[in-house]
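Structures incoming, each one as structure tokens.
Same chain, two partners: chain A is paired with chain B first, then with chain C.
After this line comes the complex of A and B, so read on.
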């Protein structure tokens, strides 16, 4: 990168510092404050950090965020690969349309989508009615709505487009002649996938995974409105601590702990995926 | 497994195949080397354009056969149909007398050296070369076989490198090693040297030819470079607009081109259109703007027919006995190192000839034609 090219990134760097680092610094400061009679008092207290360290609930919720992010990433990757590869086979004119269709869920608002899911998955919802009518079940399936299943399903659905787009772009870059070379050398289509296509699309998989992980680990609305009793999230707790409970120091400490954990997991994922041979072959070994 | 061709001898053990085989053998003349690949009436269209328009092609065992032609003539499509990447719309293809229809590329005992080499960028040279063997599973002694394949292309010191760390010529050698390791019955090469500089191309031509002799594998080679085709091949197949214009050994293609397309494509010959005045045996007299010239003639051309006189550059000389055949004016002279390519205007015809001495444009020149080695051929449709 030349001296001048590096400066093109300057506006973004400024925006990140102003919009991200600065609020974080404020959070760090707040986490050492004290609260007395609904007043924030500047202090250098470890009370909030002590509370956080000894709270099993807080760490359980942080772990749950990680699990939710990782699980959603895995599900979207498994479902996204076939979709992305199918996209590469379409005629150029059909690709644009397919992408727009793929993104349709994102055009509807999140709240609309959530209530739509309630209608689809509820006790008297579309799925249960259909299954009852077909005689496949005798009574409505309860686990469809307000359960961990619901959270997993909806998070996977919401995030699938991001994963598909990332893998698709990467898969389009794989030279078709490499696939032909693999077939020519005796690879069945499935061998060609695992030995050539998959390794060379790992950069896309990495980009998709990091995006989906970040979006789904921090998701609050879907679990709380569709997860029922299993819908508690660290995000919702932070929201509650900042708002109703007015414990800004603990809210800040929890938010920072959550952020640090997710950052570590994401870094591990990036390191793992981008160290793969295929990824290094695509993005360079410098 | 019934779709397997040749990879496993047991796959050919089926009764019908043996019957067909023995019947075929009776008809085959003993002098001919056994037939490896036979294509009959093969057609391939892409949308509205016909890439391959009903060709018949035989590839004998151990032959070096080259498909030669301009881009878009269908030669690469023929290669891709043999490899199994394209399915013919009509016609029959057999390898070792077993139909290839419905056999996917991975089950054909055919390997390809791609124009762009298509080396796997995420695998080392060793891993690229071992690819075909690893896929089969249970192949003993893969490292030793990889080493032997790399020895054959003089690349043993590069096994741990990645493709991007190699030059074009080195990548080409690795691509060849990778394609021969599984001991295919037939090796397909799609303009394998076209991306290399002239010197490297010359080197690798010699190596490829030597390798082909040593391995005894039939090669089907695609190129648009006639010099390369002549240097390498036992059989040259010249293609034009999806059809075979001529199939013969290089000398025949050069001295007796089947039509004006072949004559035009393979060299710097001057083509002069005329009408056959009289035919006597293998010779004919053709009336042209240059005058009446008697020369060897293609089979089937009769008196009164329009035809093309082919004058190769080396058949015109500035010195000769008796009266000069033509006199004209030099219009152009290009220095080519060993000799000059000169163009002279004679009766509205631009004649190209080679000369050791440079010629100055505008000067007049007398030319003697070796008519006995020129050729009268068909006008290509």
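After this line comes the complex of A and C, so read on.
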């Protein structure tokens, strides 16, 4: 890379610093403030951090965010791989159409999708009506809506396109001749997948995983509107603390703790994925 | 310790000084009649037709600026990001927060003659007064938050204890809001209504147990009133602590009814208030607007279109009995059962309990 090309990144770096690092610095400062009669008072108080450290609720919700992110990542990866590989086999003209179809769910707003899920999964919804009509159940399945199952299902559905796209881009770059060579040398399709395709698509898997993890771990609307009484999230708590409670220091501390935890988990995920043999081969370093 | 208080007045003052805008001040004040006031309020309180009569009578246009939440309104005043608001809309139960923060102007009640028609329960409230004894806000619109229920499923009129009854497991909903939900649980476990917002730590612990025991019975916690309307319409929920909105929206489509529990009815009440930074030349118009909100024209149009009652008795006797019933003023004894949700001194403890219940 030449000196000049590197400088092209400067505006973006400045934007990242201004748009991300600066607000973070503000959060750090606020987390040491005190609140008195709805006024924020600059101080060097550890009250908020103390409250956070001793709150089982806060850490439970942070843990729940991590779990939700990891689970969604695993589900989308398992479901996304076959879809992405199938995409590579399509004719060029069909690929464009397939991608548009794949992204269709994202064109509707999140709120529209949430209320649509209620119509599909509700007690008097499509799925239950169908199962009742077929005589497969006697009573509506209540767990379909307003349960952890619903959150898992909808987060997986919402995030699947991001995973598929990322893996697909990687899979397109796999040299077909390598797969053919593996098959010619006697590898079963399963072996060809695990020893050739999977390692060579790890960068895509890593990109997809990090995207899906970030999007799903921080999701607030879907759990709160479809998760029923199990819909509490750390994000909603941060929102509540900034708004209703006017406890900006604790809100800041919780937001920072959540961010740090998610960052650590994401780094660990990236580290693990990119250490795989194939990833090293593709990236060419490490 | 330096206090970091950034309110509208100082923000504007700072801006004006910094940019040399103060030079423009006298020019702006040259015109005598106020051509427009901006009213920050809820969309349900401020339809354009509700303020038409005021605009005709005074020649001042009322520009409506709709609020998204009480907290957002408070934050906007606090940070100075709503500097164009001339009249604001704190709720009765949160008024003290605005007063304490110095965001509101003390009011001269002699400039609001229609106060004479106000129902006593609103006249008597101390919640609009500051520690200096002055009045900072005027209650103008109120209503009840009933239990909305499916009359075909609940043959007996529900009480708050219905919301804790295992018989209705999976059909109940509570609002995702600490203040009301905790108070309802307090009433359910037998704490009298005059103490429902004054719970001790021990009582809070008892309430928390009741709310955690209630969780498996609930279909969900509702977030917005549109959310709850949807839940009732789709049959997911058959009884919930509610606002009246789902009842009005669904009463022609299904058998829904409103219950007003004897244990205590949660009321809501919105207030008129003037931001402390309002320029002098607009103050007279703001008072005229306060008087309008307590007058006959506003009361008549909002009763007709929105099914809400103002705090003034000015047109009550001219309404049909049906309309009186619809807006809860047929039987005025209802006002004896009012409970005004009020942020308690230990509110942060309440919020903590609520968050623990939800994460349990």
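Quick note on the criterion: the second predicted complex is superposed on the first by the 285 of 286 C-alpha atoms of A that agree within 3 Å, B and C clash if a C-alpha of one lies under 4 Å from a C-alpha of the other, contacts with A are read in each partner's own complex, and residues count from 1 in each chain.
The definition used in the following text is that contacts are C-beta pairs under 8 Å (C-beta built on N, C-alpha and C of every residue); 3 or more make two chains touch, one makes a residue touch a chain.
Source: prediction; values computed, not measured.
Engineer: Let's test your reading of the overlay: on chain A, do chain B and chain C clash or fit side by side?
Structural biologist: They fit: once the shared chain is superposed, the two partners occupy separate space.
Engineer: By residue count, which of the two partners contacts chain A more extensively, chain B or chain C?
Structural biologist: Here the partner covering more residues of chain A is C.
Engineer: Going by the contact rule set out at the top, does A:61 touch chain B (first), chain C (second), both, or neither?
Structural biologist: So A:61 only meets chain C here.
Engineer: Should A:228 be classified as contacting the first partner (chain B), the second (chain C), both, or neither?
Structural biologist: second
Engineer: Which holds for A:95: it touches chain B only (first), chain C only (second), both, or neither?
Structural biologist: neither
Engineer: Taking the superposition as given, does A:113 touch the first partner, chain B, the second, chain C, both, or neither?
Structural biologist: Neither partner.
Engineer: Output check: A:196 vs chain B and chain C. Expected answer is one of first, second, both, neither. What do you get?
Structural biologist: So A:196 only meets chain B here.
Engineer: Return first, second, both or neither, reflecting whether A:182 touches chain B, chain C, both chains, or no partner chain.
Structural biologist: Once the two structures are laid over each other on A, A:182 reaches chain B alone.
Engineer: Upon superposition of the two complexes, what minimum C-alpha distance (Å) separates chain B from chain C?
Structural biologist: The answer for the closest chain B-chain C C-alpha pair is 46 Å.
Engineer: Which chain A residues come up in both lists, the one for chain B and the one for chain C?
Structural biologist: none
Engineer: Applying the document's contact rule, which stretches of chain A touch chain C when the two form their complex?
Structural biologist: Chain A reaches chain C through residues 33, 37-43, 57, 60-61, 64, 115, 118-119, 122-125, 142, 145-146, 224-225, 227-229, 231-232, 237, 240-241, 243-247.
Engineer: Looking at the complex, which residues from chain A come into contact with chain B?
Structural biologist: 175, 177-178, 180-188, 191, 195-196, 199-200, 277-278, 280-282, 285
Engineer: Mind listing the chain C positions that touch chain A in their complex?
Structural biologist: Within the complex, chain C contacts chain A at residues 1-5, 69, 71-72, 74-75, 78, 97, 100-101, 170, 176, 178, 215-216, 218-221, 223, 227, 230, 234-236, 347-348, 351-352, 355-356, 358-359.
Engineer: Report the residues of chain B in contact with chain A in the complex, numbered from low to high.
Structural biologist: 83-85, 104-106, 110-112, 114, 116, 118-123, 131-132, 135-136, 162, 164, 178-179, 182
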